[in-house]
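Look for chain A in each of the two complexes below; its partner is chain B in the first and chain C in the second.
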Partner chain A sequence: MNSTIAMITFRAMLGRRRALLLLALPLVLLVLAAVLRYTGNNDLDISADVLQKFGLATLLPLLALIAGTGVIGPEIDDGQIMYVLTKPIPRQVVVLTKLAVAIVLVAVFAVVPTLLAGMVLTGSTAGMAPAFTAGVLVGGVTYSAVFVALAVASRNAVTIGLLYALVWESLLGNFAPGAKSASIQQWALSVTDAMTSATPVKSTVDLAVAVPLLIVVSLGGTLLAAYRLRSLSVAHAE
Partner chain B sequence: MSTSTIHDIGYRHYDGRRNGRAYVLRSLYVHSLRAAFGLGRPARAKVMPFILAAIMMLPAAGSVAVFAVTKEEDVLMRYSSYAPTLQVIIAIFLATQAPVLASRELRFHVVPLYFSRPVGHLDFVLAKIAAMTSALFALIAVPVTVLYVGGLVTKVPHSADQLGRYLAALVGCALFALVLAAIGMVVAAFTPRRGFGVAAVIAVFMLSSTLVLVVQGIAESETNFTLSGWAGLFAPFNLVDTVQVRLLNAEKSSVQVAPGLKGGVVALAMCAAIVFGSVAVLYRRFRKAGLS
Partner chain C sequence: MSELRLDAVSRWYGNVVAVNGVSMTVGPGVTGLLGPNGAGKSTLIHMMGGFLAPSSGTVTLDGAPIWQNPGIYRSLGLVPEREAAYDFLTGRQFILAMAKLHKLRDPAAAASRAIGQVEMDYAADRTIGNYSKGMKQRIKMASALVHDPPVLLLDEPFNGMDPRQRLQLMDLIRRMAEEGRTILFSSHILEEVERLASHIEVIVAGRHAASGDFRKIRRLMTDRPHIFLVRSSDDRRLAAAIIADGSARSVQLTDKGLQVEAVDFQRFTWLLPQVSRDAGVRLWEVSPADESLESVFSYLVAR
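Here is the complex of A and B:
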């Protein structure tokens, strides 16, 4: 970890109006939760549906994509990464620092709001709020690792990430069960499933399979990012 | 004390023919339209738009092929449901290409260079929106046309009926393109940082559609179909689908659409408000950027 790199990255991610964008996404979830609570539409089925569809399947991938690709992608694109890489700092430290920043951002803007929304919707019924919080947290770590690796490996990282998160996980998941099982979203849901007794939460993947997969994919992403950054060729700006 | 003189060093005025406003508009439009598909830029910029366009073609080609073999009319997709069904792909295309058109000049602070030439602020904005609209229209209408022509070739029954529905769907496609482009360009123009624009545009579409789906789900479970229909106006794809269903006689492709002719008129008015509002906002945005 390198505190200077972390600070610069935080400033790049949150400076000016960018924090507002990151803040707007979880705010929608919180407002929705508050409205549902106020209108009395917060039984267990609806709450689980909202937390899963909105928190886990929409908010989390979007935020992880913004954070994961945003911490390193723009710097590589405009060549500023050179100023970091030419300092005597090991590349894996650079990658780990960037990843840590991404995870902190996801934790602040996705995990905490999920916990709050869960509390607003269900209180402590069936342990749903902490279960979804844990699911979003482990999912967030894995998503971040994957998207950081993607940002180092490709210039089209954001689009590829979107295709994965929206087309592979959501769209194809409805037609091909195989695609559904091979998705971070389902693995994270499996963690949630194991932690709550609520029946509406159902994952297609067993916990015994999901946890190793989450760990392997997170580590794999981090290693790939570190490896690709070691031999990064910086092209000139378009 | 100084004595200064102004020397005439022989600069010459331009006396030739000026090509005028239409030429400016056309040049900006063609340039932006090419940029929307990455033409005239490195291969890296072409990959994504063309992959997405190819994905858009797959369902049309697939359903025509299946129809040719099985001759079952059900397998042909409805023309008007093409865009709503593939809304994720269209949204991703818009999200990746709207920042190319709307935020690159802002990011590199080169907008004043445009306006130091005889380019009007409004022309600049109109050309860009028109280019994005045309790109989206091509993205949606080409597969729909493939579907129609494929149906003709493989001899779908009621071909006169098909033509009517096809033309109505083309109007729908144009409206989809216009509304989506308007929303995408505004969002992209306010998030010039690389990567953020893409995420912001997709966030607007995903959040609005998920939010509306949740509200509609709850409303439907309480059998409140009116509320569900009106809620649909707040997701862009559902909004245009409402116009298609209520004013263009299409079957609905969304969960629920606003009821009656009134719903259609309100939806159309909202579309118009979005388009004109976005032109106004973009005009102000680029005018301000042109001053710095």
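Here is the complex of A and C:
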């Protein structure tokens, strides 16, 4: 980790209007939770539905996409990454720092709001709030690693990431059960499933499969990002 | 004293060859990398700066490979052509961050020194986003100087600068060179390179076209046949006089005037006024017809 890189990255991510954009989605989740509770629509089924569909399946991948690609993609596109790479700092330190910043951002803007929404909706019933918090956290780490790697490897990281999150995980998952199992969302849900006794939470992937997959994909993403950054070539300007 | 060495370096993108078998050694002092736009200068600098792997050949700094060797940046400073710095930081924050990334012992002092070197103290506490082009160029220069590197690479440093900023930067580069640094900068403007560089490397269409001190390059560039357009009070008589004098290879009468192919640039420009005076012809206009840098370069390549 390098504190200077982290400082610059945080300032770039939280500067000006970007921070407001990051705040918008979690705010919607919290407002929704508050309204549901106020109107008495917070039974276990609805609460699980909101936390899963909104928290885990929408808020998390979108924020992880913004954070994961945002910590390094624009810098590569605009060329500022040169100022970091022309320093005697091993490239894996650069990648790990960027990843850590992305994870912190996901924690602040997705994990904490999920915990708060869960508390508002269910209190301590069936351990649902901490279960979803844990699921969003482990999913957030894996998503971040994947999206950071994507941002280093491709100029179209945001598009590819969106296609993956929206088309693969959400859409295809509804039609093809196989696609459903190969998704970070389901692995994260598996962790949540294991931690709560609530029946509406049902994952298609076994915990014994999900946890190794989460770890392998996170490590793989990190290694790929470090490897690609080592041989990052600048855009050919001429 | 550091030496940057390129050994039979080529770089291609698919079927397109950007740099073709270039070998050169860049030593202390200012070296100008001269060539028309698109000649492969940036590709070369990117390879020297470790941002591009050579497709074949080697780029080394004092014997150490540059590609995939971040340790090299302790002795290398790079000023990229692209303008983007961290626009949300102030100049001082930016340079201080660079000093910290270099893990210098006293980053604050190093940052102050580098900012002083580029004379940016007065604007150091403004955000970079509000800098002019010349100020950005200088703060980028400070970022490359903060760790006091023996080697400095500058990619088109004068692009978009006004004449005053240009002179300031030239002074700065000269000062850096006098301290014994190895400095290489790229430019497509002959005059810039001539004023600043003691040594010139010419790149045309990805190939190493010429190398040497600027007088030698200048001679190479002026010793070619030059074409002049001459208008006078009596073109016919002047044409006869020029042919008789022998300083031109051919003279052609056109409706725009005389088109003269001179053998020797200097001799011709020196002799023409005398010849016309002796012939009693008044010169109205003498203009070189092919002085574009591209035509000079293509002549060098064709040799």
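In this section, the second predicted complex is superposed on the first by the 235 of 238 C-alpha atoms of A that agree within 3 Å, B and C clash if a C-alpha of one lies under 4 Å from a C-alpha of the other, contacts with A are read in each partner's own complex, and residues count from 1 in each chain.
Here is the rule we use: contacts are C-beta pairs under 8 Å (C-beta built on N, C-alpha and C of every residue); 3 or more make two chains touch, one makes a residue touch a chain.
These numbers were taken from a predicted model, which means no experiment stands behind them.
Colleague: Tell me the contact category for A:N2 with respect to chain B and chain C: first, second, both or neither.
Modeller: second
Colleague: Is A:D78 touching anything from chain B or chain C once the two structures are fitted on A? First, second, both or neither.
Modeller: both
Colleague: Let me test your reading of the model: by the given contact rule, A:G140 touches which partner, first (chain B), second (chain C), both or neither?
Modeller: neither
Colleague: Applying the document's definition of touch, where does A:G55 land relative to chain B and chain C: first, second, both, or neither?
Modeller: Neither partner.
Colleague: After lining up the shared chain so the two structures overlap, which partner does A:L65 touch, if you call chain B first and chain C second: first, second, both or neither?
Modeller: first
Colleague: So in the superposed three-chain picture, is A:V167 touching just chain B, just chain C, both, or none of them (first/second/both/neither)?
Modeller: first
Colleague: Which holds for A:G118: it touches chain B only (first), chain C only (second), both, or neither?
Modeller: Neither partner.
Colleague: Which partner chains sit in contact with A:V28 here, chain B, chain C, both or neither? Use first/second/both/neither.
Modeller: A:V28 contacts chain B only, not chain C.
Colleague: Between chain B (first) and chain C (second), which does A:G221 come into contact with in this model arrangement: first, second, both, or neither?
Modeller: neither
Colleague: Report, in rising order, the residues of chain A that make contact with chain B in one complex and with chain C in the other.
Modeller: Shared contact residues on chain A: 78, 238.
Colleague: Which residues of chain A touch chain B in their complex?
Modeller: 17-18, 21, 24-25, 28, 32, 36, 41, 46, 49-50, 53-54, 57-58, 62, 65-66, 69-70, 73-74, 77-78, 155-159, 162-163, 166-167, 170-171, 238
Colleague: Would you mind writing out the residues of chain B in touch with chain A in their complex?
Modeller: Per the touch definition, chain B meets chain A at residues 41-42, 44-45, 47-48, 88-89, 91-92, 95-96, 190-191, 193-196, 198-200, 202-203, 206-207, 210-211, 213-214, 217-218.
Colleague: Could you pull out which chain A residues touch chain C in their complex?
Modeller: Touching chain C from chain A are residues 2-5, 7-8, 11-12, 15-16, 78-80, 82-91, 230-234, 236-238.
Colleague: In their complex, what parts of chain C are in touch with chain A?
Modeller: Chain C residues touching chain A: 13, 18, 37-38, 40-43, 46, 49-53, 68, 70-74, 76-78, 80-82, 84-86, 88-89, 97-98, 100-103, 143-144.
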